[in-house]
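Shown next, in structure tokens, is the structure this report addresses.
Chain naming follows the written order as A, B, C and D, and within any one chain the residues start at number 1.
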Amino acid sequence: MIRRSLTLFAGLFVLILVIGWAMGLPFTSSRLVEAAAYSLIALGLNIQWGYGGLFNFGIMGFLMLGGFAVTFISYPVNPQFWGSDGPWMLGRALIAFAAGALLVYGARQSDKIGIKGGWKTFVTVLAWFVAYCVYRSQIDPAAAYIEANAGFVGGLGGHPVLGWLFGGVLAAVIAFIVGKIALGLRTDYLAIATIGISEIIRALIKNMDWLTRGTLTVSPIPWPTPLPQAYQASGSDQFSSLLLARGGFLLLALAVLGIAIWLISRAYAGPWGRMMRSIRDNHIAAASMGKNVTARQLEIFVFGSVLMGIGGAMLVSFTQIFDPSSYQPINHTFLIWVMIIVGGAGNNWGAVFGAILIWLVWVVSEPLAKVIFDFVSYWSTNVGWGAIPEIESRSAQMRVFVLGLVITIALRYAPKGLIPEVVRRDA
Amino acid sequence: MAFSPKNAPQERFCAKSAVSKLTHASPYAHMPQNSPEYEPRVNGIRNGTDLVSSDLVIDVRNVSKRFGGLTAVNNCSLSVRRGSVTGLIGPNGAGKSTLFNIVAGNIVPDEGAVIFDGNDVTGLKPHQLFRTGMLRTFQIAHEFSNMTALENLMMVPGDQPGEYLGNAWFRPGLARSRETEVRKKALDVIDFLKLGHVRNELAGNLSGGQKKLLELGRTMMVDAKVVLLDEVAAGVNKTLLNDLASNIERMNTELGYTFFVIEHDMDLIGRLCDPVIVMAQGEKIAEGSMEEIRANPQIVEAYFGTPVEVA
Amino acid sequence: MALLELKHVVGGYGGAPILNGVNMAIEQSDIGVIVGPNGAGKSTTLKAIFGLLKVTGGTIEFLGESIANSLPDKLVPRGLSFVPQEKNVFTSMSVEENLEMGAFTRKDDFSETMQWVYEMFPVLAEKRRQPAGELSGGQRQMVAMGRALMSKPKLLMLDEPSAGLSPRYVIEIFETIVRVNQEGVGILMVEQNARQALAFASKGFVLAQGQNRFTGTGQELIADPEVAKSFLGG
Amino acid sequence: MTELIFFINQVVISGAVLGCIYALGAVGITLVFGILRFAHFAHSELMTSGAFFAFLLAALFASWGIVTPIPLGFVVLPIAMVMSAIFALGIDKGFYAPLRKRGAKPVILLIASIGVTLMVQGLIRLFFGAGSYSFFETETKDVFRVDLAWLGSTRPLVITEPQLLMIIVTVVSVLALHFFLTRSRLGKAMRAMADNADLAQVSGINTALVVRVTWIVAGALACMAGTMLALDVTLKPDLAFNIIIPIFAAAIVGGLGQAYGAIAGGLLIGFAESLAVFNWTMVLRPLNGVLPEWAQLPATLSFVPTEYKLTVAFVILVVVLLVRPTGIFKGASS
């Protein structure tokens, strides 16, 4: 098993060298930083699906939360907003929100004062409606005012690493709420529910212009490590300063990844992992053996989502732009699933391997498809069938097909992944 | 021996033979018998230690459960005496398994209450019942199929420090020392069950009988007040079954475990259980020793069956 | 030539075999009853005959032709029919639709057979439009038997037809089974109510650990002290 | 009265159109779930590919100079439906059947259907690029305006020809489906297998045949839904991928496995979405004359801003799952 893993990783290393040789070092170094972030995200899904058997199809939503978090923390402070009535109006909206929440909570407790059955339902629905109206009455003008006078709220000017951490925290909070609502559902319902939740998160982030600038995008978001410009200023040439800067970012990303792997492995190797696997295998028996299945599933869902949030924040930090409309279920949910299925659910190294491999396949399939198309086009022109039209845009679509092909082949011929889960045998 | 409870309370030491037989008011009546001190509905009362004589460790009161149009358990009342091995028999579909699932918290009854050790535990979740000291096995083995036999046992003990992320990350010593204990105990149990040769095998690959043994082994991993055994003999070979039975007897007489057993194997019931409760159509129809049950023509008809007159 | 003949049948669900050499022979005039402890392979035998699990050894012949590992959609038209123990009606479909499903493999007009079934179970005629899921346990068992009879089988196999029924219904179901047999349908059934069923069985088979332990007429088996002691509960 | 007609135009008609499309999509999903017990995610791609089949056929017909009184999309629909049915059968044979044979869990089939989604979408994009197409490049989209001045309305009732045809076609196919499921032998066999697959097999029903019929029906209905969606708006490679959530919501709200539930769920979600984003100010404007200065209605007054239309389906889904987990009609529990 170990030999197989080492061989596969060695192969991966060779693949990276080949890509580096063919595509150049700047391209490859960028892809490697992204691969590190995707590894972290894949580990998050591995925890949820591989360890916990939970079906999360809403990864995109958690990545967006992470992206928003790092933007909010690390983007420079917007004096126009803080100097206007905006904070005050937002405060009022916040109070309205709290009041609404209190109202709904009160309605849900209304049976204590003798309102029962249908009446309680009626009161609760009415409370929801009133709370919604109260909140909208405050937030709508506040949003309009901020958008008109200050553009958007802006950032807090904090360190990007703080933003990564906040990404994890934000993802944890949302995952907790989502888990409370949805984790009791059957697998297929859970899949649909999590997709729906991620779509709601996307709709909110995309349209809350006052908070996120929506489709107008926010950039440049600062790096946690020195930017290439900083190296250039201190006298390095363009090429090496680019590499130095990316190398620095990569080191930081790898450090985060390393810490994550260390923490996960430590927990998973012991009783915690055993308990989680028992819940995944047979939650009825696990409950009868005293494990609090609901709480533990929530725990693992939150844990996994935290890694997704941090990974999503890293990606946005690296590209320096937060563009809500660039998030797509294919690129940000299904891609991660393919990584896990191909790499091997339930095995951390499998998840990392799958993440790096699939990310490279994903980014390389476009130029590769272009080369193939060019070749075929050249040949077909010579034969007299004419050239392939619009090669550029067609090659860009090729990777979606390749992704689908890879996952179906993996399910058929290596259903447990390339580095499958290891059975923990006692010596 | 692997099963010495650390702080076995003396009052639990209560062998079958040592307890004088309860007088069963009218064991063969078709109506459920409610002793006078029972109130018909006690839902919602918790920790009412006064409700029950401490002699009864499980006390099921007027429980009903319907699935759609089918009434699986119908106003059923029965009890299990502390320290006894109580058998539950009845024809297929009599509601035994449903009743078991209600007692174990896997099914919430429509009506009635389950009193466990003096507390109303109706509606408690299985993992909460585990903490009160009630353990169960399943009729169809519920093994953790992708874990080894040893892991199947090691996961059982509650409150393992290593099951909490904080301890697993920052206090590995604490987790490790408990882990060693748990492992030792699991190995003892595995040896006792003669499963040593398959301890590293995935539980999903074991034979039906071995899975059953593993289930029994899980109940040995902790010190339980009551163990519910759901058809533990099915698929277990005779020799092993003998070991199993003597083990159950020993756990009962020496360590004071109480057992509540559903079983189709009449030999095993006859050997282990006193009293035996007979259920039919969701109700308790009789209770008594195996000899008494066998001697009753009505029960023999309902359960063992009598020849039909055919033209 | 027997209607159905099993010789040294070995089979299981892929893992260790559950059947380790089962022998049986049933004529069209027979009522065969299989008894034995849980896990002895009683239901498994019926499933093996009906192609629902893999037969790896021995032969199963129906009307002289090998039918081992044939699927039900090939067996039903040949004259075999099976009533499973649980979930044996289509709960969301009406009684009449349930019966129609039993006649799915028939291309000819089956209204006469349906009439015959309704005569045998008059209560079903009353409830023909009602969803089968709303019926009581005993009535469901009748629907299940009716469904199986709609294909005009030569041999009807029943898996614990009396399971979960009150004693009154048990007797009724057994009487119906005898009546079906008198109409010329061979019966092979698994029963927990062993003594009761063996009383009217022309052939009895006691299975244990996937093998025949005793074979004889029902009366012989009941009279055998060893069978009575080990398998009939004293 | 003008306001009422406005309401009908904005909510009733557009809700009905959306509801029909959701319903036809959800029926396919629910049938596949009932028979094969897995959530078929790639249904969106059956819809999109079906629409492209219809589009290609319509273009072919147009190039032959065939002119029809109704939009070509509807004329070629039957042929496109046959092609889609064959396509669906092919997908099952190529990707799902081998997994089923191995005894894979429904979750694995669900993931496989994601793979199929990606492949089909990749192929469509490969051939058609990422742009959008219209059925009405050569034809005109007829718009019927029913003048209702005699009712005192200053606005006409507006419905386009495709919308009208769409509603008619949906009603006809739902009726046909109803008769197929309740009267035909195969339809009954499908219901039987959805009810209890093991018993269906024991009864001698050829379950492999039922699976094939299911794919044929699901593929054909998906093609119909996709084509009608493309006729109503425009044809894009991600045409149905964007509405798969409301369609799943419709199937779940109706109770997975219940064909009639899916239709009800589809209509419910379609109307709910239209109603949620409806701007009440348009209807309530006469009140502005009565209300004092400070309480004038704002320019837009809707339950949900238009940007959040998609979330409506999901909120309904969550509420239904929490209140009645098996859907409005009791769904299958796998």
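Just so it is clear, contacts are C-beta pairs under 8 Å (C-beta built on N, C-alpha and C of every residue); 3 or more make two chains touch, one makes a residue touch a chain.
Note that the coordinates shown come from a computational prediction; the quantities given were computed from them, not determined experimentally.
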Item checked: Least step count from subunit A to subunit C, where 1 means the two chains touch -> 2
Check: What whole-Å value do you get for the distance between subunit C and subunit D if each is reduced to the mean of its CA atoms?
Finding: 45
Next item on the list: Averaged over CA atoms, how far is the centre of subunit B from the centre of subunit D? Could you give it in whole Å?
Entry: 51
Margin query: Between subunit A and subunit D, what distance separates the C-alpha centroids? Give it in angstrom.
Written below: 30
Checklist line | Sequence positions of subunit D contacting 2 or more other chains | finding: none
Next item on the list: With chains as vertices and touches as edges, which is it: line, ring, star, complete or other?
Entry: ring
Check: What are all the touching pairs of chains?
Finding: A-B, A-D, B-C, C-D
Check: Which subunit D residues qualify as touching subunit A in the complex?
Finding: 33, 38-39, 95, 98-99, 102, 104, 106-108, 110-112, 114-123, 125-126, 129-130, 245, 248-249, 252, 256, 305, 307-308, 310-311, 313-314, 317-318, 321-322, 325, 333-334
Next item on the list: Spell out the residues on subunit B that touch subunit C in their complex, using ranges where they run on.
Entry: 68-70, 91-94, 205, 207-208, 231, 233-235, 237, 264-266, 280-281, 294, 301-302, 304-308, 310
Next item on the list: Within their complex, state which residues of subunit A touch subunit D.
Entry: 55, 181-182, 185-189, 191-193, 195-197, 199-200, 203-204, 206-207, 330, 334, 337-338, 341, 390, 393-394, 397-408, 411-412, 415
Margin query: Per the contact definition, I'd like the list of subunit C residues that touch subunit B in the complex.
Written below: 15-16, 37-39, 133-134, 136-137, 160, 163-167, 170-171, 174-175, 178, 192-197, 199-200, 209, 222, 232-234
Check: Which positions of subunit B touch subunit A when the two form their complex?
Finding: 104, 106, 125-127, 130-131, 135-136, 138, 142-148, 150-152, 154-156, 158, 160-165, 168-169, 172, 175, 178-179, 182-183, 199-200, 202, 218
